[in-house]
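Chain nomenclature is as follows: A, B, C, D, E and F, assigned in order of appearance, with residue numbering initiated at 1 for each chain independently.
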Amino acid sequence: MSLTVYRRAHFNAAHRLYKEGWSDEKNLEVFGKCSNPKYHGHNYELEVGLSGEIDPETGFLIDLKKLKEIIKEEVEDPFDHKNLNEEVPEFQNLNPTVENIAIVIWNKLRERLDPKYDISVKLYETPRNFVVYNG
Amino acid sequence: MSLTVYRRAHFNAAHRLYKEGWSDEKNLEVFGKCSNPKYHGHNYELEVGLSGEIDPETGFLIDLKKLKEIIKEEVEDPFDHKNLNEEVPEFQNLNPTVENIAIVIWNKLRERLDPKYDISVKLYETPRNFVVYNG
Amino acid sequence: MSLTVYRRAHFNAAHRLYKEGWSDEKNLEVFGKCSNPKYHGHNYELEVGLSGEIDPETGFLIDLKKLKEIIKEEVEDPFDHKNLNEEVPEFQNLNPTVENIAIVIWNKLRERLDPKYDISVKLYETPRNFVVYNG
Amino acid sequence: MSLTVYRRAHFNAAHRLYKEGWSDEKNLEVFGKCSNPKYHGHNYELEVGLSGEIDPETGFLIDLKKLKEIIKEEVEDPFDHKNLNEEVPEFQNLNPTVENIAIVIWNKLRERLDPKYDISVKLYETPRNFVVYNG
Amino acid sequence: MSLTVYRRAHFNAAHRLYKEGWSDEKNLEVFGKCSNPKYHGHNYELEVGLSGEIDPETGFLIDLKKLKEIIKEEVEDPFDHKNLNEEVPEFQNLNPTVENIAIVIWNKLRERLDPKYDISVKLYETPRNFVVYNG
Amino acid sequence: MSLTVYRRAHFNAAHRLYKEGWSDEKNLEVFGKCSNPKYHGHNYELEVGLSGEIDPETGFLIDLKKLKEIIKEEVEDPFDHKNLNEEVPEFQNLNPTVENIAIVIWNKLRERLDPKYDISVKLYETPRNFVVYNG
């Protein structure tokens, strides 16, 4: 039996793709216009999925109000209207690709959520580019 | 090899989250505004997925017209423009959370569809809250 | 010159279409399954548009945070997770068709917003049925 | 660990569902209006997913610019604004159902992409009918 | 006072852009890949808007079930799963650009709908290209 | 008679809301988190509409390929993956609110497009906040 409950959220942030230790030319060659030193930005759309067993008393897998609050505390509050490279500690030494942002979000949620849940994170950088990370 | 064919459908219904045997205060505490005794409602959006083998003659996994008709008979006709708690027998003693509605739909489709197909049910209660159930 | 700023919001509600003074048969004949006495419901999606002049100091037509708050107070708080017919005073004697709901919302916002703005209300009852009301 | 990166693309094409060797009556009986000999058409929306390991240097699973280019060469250039039955060699003897089109796309991408990636192909024939093929 | 009610519908069709009397080279030069003699196709998405006065008895501008039926008879039945150039009489001598298709639909609806309504037709050829025609 | 043709485009950019001459406290007070000195960003979605007469020879109001190219030159190339405040000359002394960005785009397109067309610009800063500017 497999049941997964999903909740959407979103945040708007600036970033650049950039590998420390590489020259600007090398960064431009690998990351193209995404490496613009002045930054660009995105409306990130997030879907968090939790898999597990339904509680027969309530008919809930999880109380979505609680999941919504945890997403707010772990993702929206620290990431929204921020410069990911400069203001979010997790990306001080980690390139904020959509892959890495999804992994960081997954790790933060993993620490807050009961181990009985499997977690999936779907993160849209644009409507055309997105990732899914399941840990 | 894994091939899945999906068909979308939708129904509009009223419901409340409510556990029989609990006081109104307890229901309100657990289910919040979703437990409003006067009901609220949703446009439920449904995606039914069938996994299996393609028929080499037709190039179909299933004739989608038949799947559409089964979804109409099992879900749209009995659920659309209904009060789920009061008018749909499956929820007489079952809290109509989005989790439980998805499971009920899955069970109804399971009885109608050839066992050679695996079934998945994705049900959106709102564009922000949804579940996937695979049996 | 014409500039309009839009803000989206949403609420989930139960309703039935019903004309007082008509028999149940007449209501059923005119309103079909929408007249179900046990109610059904929708995820209403709302777009409020304000037209006017830009403030040259701020570059804002209006502070969207203020518009968002007014929509919350006038529409989301009183309508969300409610039974429109039974719990929302404006529909005690007014059939909650999508047309009438849009007009009620427009009138409530008109009282709260500076007369220098023209107001438009777009209200989706479903993704397939919606109205625009401009006063 | 499971990480999947997705890229969207699209193409507009004409097709008919048709089994060679069957009479027109038999084709009509099985495929309905989709067998119209004069053709009809669709805006096909495609999501290609690649699963694998992240490159710790770049933070990329794959350079999406390269994936975008491969999709353009293998799918958009040969399929867009084409008659699938008459102009796309893969469908000369293969019924262009959405199932078969997805399998053809998967096979074409499989030949171009590093075997270290698992590939998934999601293909929308309409917003209401779509398939996922994972090889 | 301005109230408009909208109803969505859709049809899938093949077409080519083609001006009779021009050479194939001239057609290709002006219409590009859209002039492919073997046709291509689209999922056309239609939004029909009717503007007018609300009926104070019903709270309806128009009974959407009736509008839905008229759209089915005038647009979906004659256009869906058809080759517009070859099978739809209105395009025998009229290039089926999205502009012309919208005008044809508007004219057909104009004949069926009470003159008290103003009509608008929004037609999406793709999610990226669309027109609005108001007569 | 009123016919309008629309074309969608998009660009991803960083910006901050900021009024020169105001203190940081004043900027924060008026613009909230949007005034973050480290910037944030958005996926801007753009719909450009041109109104006018259809060319009876071609059935086109305008060749959408040409409109697409002009939007690319005037909007996508100079704005995409840029920091609007620091890298786009039009915003050196103009606050890049969504209102002002839409007006700048309209003015740039007005210079490139035949005066026989009326122009409308719809610009989404997020799916929830957007503007329409018609000159």
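Criterion: a residue touches a chain if its C-beta (ideal position, glycine included) is under 8 Å from a C-beta of that chain, and two chains touch if they have at least 3 such contacts.
All of these numbers come straight from a predicted model, not from anything done at the bench.
Any chain bridging chain C and chain F, meaning touching each of them, is among E; the list is complete.
Under the touch definition stated at the top, chain B and chain D share these contacting partners: A. With centres computed as the average of Cα coordinates, no chain lies farther from chain E than A. By residue number, over half of the touching pairs seen at C-F are also found at B-D, the match among B-D, D-E or A-F.
Both copies, chain A and chain D, contribute mostly unmatched positions to the interface they share, with under half of the numbers common to the two. Put simply, the C-alpha centre of chain A and that of chain C have 34 angstrom between them. Measuring from the averaged C-alpha position of chain B to that of chain C gives a distance of 28 Å.
Contacts with at least two other chains are made by residues 127 of chain F. Chain contacts in this assembly follow no simple pattern; the graph is neither a line, a ring, a star nor complete. Applying the touch definition to every pair of chains gives A-B, A-D, A-F, B-C, B-D, C-E, C-F, D-E, E-F. Interface residues of chain D facing chain B in the complex, by the touch rule stated above, are 17, 19, 30-32, 94-100, 102-103, 127-135. Chain B makes touch with chain D in their complex at residues 1-8, 49, 54, 57-61, 63-65. Contacts from chain E toward chain D in the complex involve residues 10, 12-15, 33-34, 36, 38-43, 80-83, 86-87, 126-127.
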